[in-house]
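Structure record follows, encoded as structure tokens.
Note that the chains are named A, B, C and D in the order they appear, and that numbering of residues resets to 1 at the start of each chain.
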Amino acid sequence: MASPEMKSIRQQLPRWLETSLPCATRGNVASYIPELSKAPHNALGITLLSATGESASAGDCGLRFTMQSISKVFTLILALMDNGEDEVFSKVGMEPTGDNFNSMLKLELVRPGIPFNPMINAGAITVSSLIRGSSPEEKSERILHFFKDLAGNDRLDYDMGVYRSESDTGNLNRSISFFLKENGVLSGDVEEVLDVYFRHCSIVVDCADLARMALVLASNGTDPLTGKQLIPRRYVQIAKTFMTTCGMYNASGEFAIQVGLPAKSGVSGGILTLVPERYGIGVVGPALNDKGNSYAGVHLLQTISRELDWSMF
Amino acid sequence: MASPEMKSIRQQLPRWLETSLPCATRGNVASYIPELSKAPHNALGITLLSATGESASAGDCGLRFTMQSISKVFTLILALMDNGEDEVFSKVGMEPTGDNFNSMLKLELVRPGIPFNPMINAGAITVSSLIRGSSPEEKSERILHFFKDLAGNDRLDYDMGVYRSESDTGNLNRSISFFLKENGVLSGDVEEVLDVYFRHCSIVVDCADLARMALVLASNGTDPLTGKQLIPRRYVQIAKTFMTTCGMYNASGEFAIQVGLPAKSGVSGGILTLVPERYGIGVVGPALNDKGNSYAGVHLLQTISRELDWSMF
Amino acid sequence: MASPEMKSIRQQLPRWLETSLPCATRGNVASYIPELSKAPHNALGITLLSATGESASAGDCGLRFTMQSISKVFTLILALMDNGEDEVFSKVGMEPTGDNFNSMLKLELVRPGIPFNPMINAGAITVSSLIRGSSPEEKSERILHFFKDLAGNDRLDYDMGVYRSESDTGNLNRSISFFLKENGVLSGDVEEVLDVYFRHCSIVVDCADLARMALVLASNGTDPLTGKQLIPRRYVQIAKTFMTTCGMYNASGEFAIQVGLPAKSGVSGGILTLVPERYGIGVVGPALNDKGNSYAGVHLLQTISRELDWSMF
Amino acid sequence: MASPEMKSIRQQLPRWLETSLPCATRGNVASYIPELSKAPHNALGITLLSATGESASAGDCGLRFTMQSISKVFTLILALMDNGEDEVFSKVGMEPTGDNFNSMLKLELVRPGIPFNPMINAGAITVSSLIRGSSPEEKSERILHFFKDLAGNDRLDYDMGVYRSESDTGNLNRSISFFLKENGVLSGDVEEVLDVYFRHCSIVVDCADLARMALVLASNGTDPLTGKQLIPRRYVQIAKTFMTTCGMYNASGEFAIQVGLPAKSGVSGGILTLVPERYGIGVVGPALNDKGNSYAGVHLLQTISRELDWSMF
């Protein structure tokens, strides 16, 4: 039997979603990767999953999309599990940048030239280079396996079209990577590191997958539906902190003010967010605002957070 | 009779403080305002105040110092109370910058040229200009009065030596202000706005004052010791969010990872922080690290937060 | 009797000017100083003056306009005559910036924070502060007197409307000045320095005045029409070098490629240029291109330089 | 029989060189390419070659070194000969930057994101991509052949050790190249373009070779010793203009003030400069100042230019 809050959510969710839908018309589907531009412009979907296993969904929650930057949260966690805090934070900082996610300014302007945080491209590429594995294939395999565990979904896989599209057009990421190599941040072969990076960005999910992965974070690393401890609590804490300060690109500050939940967005229009101890949430809405976040998705989360008084602050 | 946690805190606080003291030798007392350089280099003090009125103190908690940037949290709140969210956020943004607190780069580089957030100098000067009042004197009077209410301390007053020292040497703040005026952000006379700004930076407090002010934030705007609602809850939420994302200058991200509490520091070495619903905390340690935060103060808060598992994340 | 080249110039000048006139429609009259926006959008005038005293004019050569940035060449020379090279170049550099003339980026980003060159606003304000005189009035008087000598025109005077307009709206210059003061570059009272700066920017000239001033530079510091040595040759050399590398704002490189003559432009649409040893030239065309140079004026000079093979390079 | 000036130069050159030698101790031999660091720290050599074929040399004029950035002048000329002005300047601008030669800031900050000029790395790499040829080998072959003609030296060849060293460590140039590709400036394969670029940087010359190449520029494109027209005059003009405004990295402005001759330096310590219509000059001094120019070489040229009053300005 559903909790009273879940009942209320189930009841109101379709209406809230309806209210947010028109926002999509003001946004644009990402086009820098040709494959991404095929996403349905006006889609909007959401799935919430509670620690007791109850869920609520609305809209296009079955839409499948690539994780893109959302994957950065979990590769960071895997890199922390592989290397520990000290090693990881010797290569990547902890500060929001105020710049675009693909900016190179601070790599040139601010010594010692390490990426400011693991949520921007420079930082996430660095993190990808820290994943343990004797080959790009093995690293990618370990990442995919970890993601499958987190999502409780053995069928997670890559969208090879998106992967190739990203790899083919990823010249800015190549530029960033060679700059990182110059600064001594990245070791190993650039194309191999980027292969790992492009692959985990291309893992396909739906809202339910995101909600389940988020629920593990909301539950301090344990999957409440299986009881398995998948992530040490400290690394969940680190991840949730980065999601709060840097998770929504250079609109993270506004999201913290207006929604107040740890979250991570991707240019495919996905958002993974959570209510600590209570809910994992997956959202998708491919039309993006000028900061690269789902226009309607952010609006929807803002509505829900206000209605249910969910801000952490 | 003190709560078990408070008892434990009282018992361990002197030892934790002892451990953090040596950090002070690695920092430097702010010297850009001549008056500030007179502060005792090795001082370190802390006061915690619980919502039930119990307190714990250690070290140089009686040291008196000027609020400096800590005042920005409360002038923001007053500006919100005076003007509402829409008006305030039409003049100042919500994003961390990744730059120094007195940087002007983004004012020139990022349209529309409004300050990124109210915690950096450009933003706080803008906020000062939004305080209601027919003259700089009246605005300053209203601020001081508000601060007295928050600290429950009618004797709060300016350090006129620091005020004059700031005003005399505040050329970078003048430069920022005229740039803001050029960008159409600041209206009114620059020197009058700066007078208000320099004054509230010069209000003298001790750790107990900060702890009491922080306790009001921890209690969602109500002073739990008097029961008086001093701030609307939404504005407390906004303030705590900014303290989390931008409160510790461009080390806010690291502080969130390592301490995980909303906080605001000042170049006099003060830090105001809080445990939601539970404690208001004031810290002082004049020797600063290279980001402008109290070296020993940050170390002490890190120790306490870890020992007591206080991170919000 | 006119020289063959002068005869040819007189003959062809009206046609060349005609060809350049349409460019004006693509430009915009400066509007950031309200007074400047009153200038006639489609005007274009030119005067050439040879070392033997022959002249050629066409178009609106009688139009009167304020010198604006053109004055920077001659205040630099006066500051050099007052202080010597070493003193001047301890306060201002010798490098083109690639940035807008009013940019503050490099003041913040590049140590030791002195202006890159004396042709950008930060540099010219610094130069104004170096003019000898016991008061702003005396400094301004000395500058005006020097300019009268150079133009051989005792009636040179300020446009007080433009002066007041610049002073009233000069917040960006104030911002720059306070930043320079912070960096230890500017001594003395900012408003007093700016008063000197705004005044010399407001000196009114016509094309004949500019041509005569330019002829002194073309003649290595001696006015060939009177035989008087007005500027030491080395300082003329310095001025001509800066005019070549930085005289046309951040289009100086293109002007050097396309015209190849030392030149200095102002936002009133004036351009002062010269053919070494041979001609002083004054041009005016108030409609500016996006770099702040007279659209038609640059086009006209390009035509003449190519037709007569005048590039220094 | 030598001209009187050449006689005088021959007589005084050893003394001037002697005076400049101590400067070398203040500089550092470039170490970013391991192979370059092997150059003799205290070497200083010079060769002047007149349009009548007379020459004067002093010091280590026989030292052989790679052209590095000096080659950029001549690949620009070849690209102009291959493509014309319009095509070349649609891909690369004409403005000095004020930034380091390997800076990427303006590629990100200034639309449309083309390199500011062909003398910085981004611009020179772009120029290399414009050289005609069906393969990197053919392009490189055409460049080498052109350089041989200019130097009148059929034995010019690559230093393959330096070439490989540059290629192995050229991550910053790779980063720049991929950014250029992202911005649509560079077409073709990045590694192929860089191969052409690294190769022409690795061509070995001595002071006499540089002097002869410079003499062709001084003679408006004709080799005065053979009478052969090797470069159209307009392209020489363009090259000399860039050498004046951007040839000495971000010390070009100072060099123009202090020496006043078109010049191009390389990190191997070479400088190619010229006196229009009269002399081609090659200098080498491997110890560099903090802007990347030969410390002693610049000093020597400053002495000669002042003694012989050679500034163009």
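Here is the rule we go by: a residue touches a chain if its C-beta (ideal position, glycine included) is under 8 Å from a C-beta of that chain, and two chains touch if they have at least 3 such contacts.
Since we're looking at a predicted model, the values are computed, not measured.
Chemist: Indicate the lowest number of steps between chain B and chain D, counting one step per move to a touching chain.
Modeler: So the least number of steps between the two chains is 2.
Chemist: Can you compute the centre-to-centre distance for chain A and chain B, using the mean CA position of each chain? Integer Å is fine.
Modeler: Going by mean C-alpha positions, chain A sits 32 Å from chain B.
Chemist: Counting only Cα atoms for the centres, state how far chain B is from chain C in Å.
Modeler: 48
Chemist: Using Cα averages as centroids, what's the distance between chain A and chain C in whole Å?
Modeler: Roughly 55 Å, centre to centre.
Chemist: Show the residues in chain D shared as contacts by 2 or more other chains, in ascending order.
Modeler: Where chain D meets two or more other chains at a single residue, that happens at 109.
Chemist: Please list each pair of chains that are touching.
Modeler: The complete list of chain pairs in contact reads A-B, A-D, B-C, C-D.
Chemist: What does chain B use to touch chain C in their complex?
Modeler: Residues of chain B touching chain C: 103-105, 108-109, 171-172, 174-179, 181-182, 190.
Chemist: Would you tell me which residues of chain D are touching chain C in their complex?
Modeler: These residues of chain D touch chain C: 93-99, 106, 110, 116-117, 237-238, 240-242, 244-246, 250-254, 256-257, 260, 262, 311-313.
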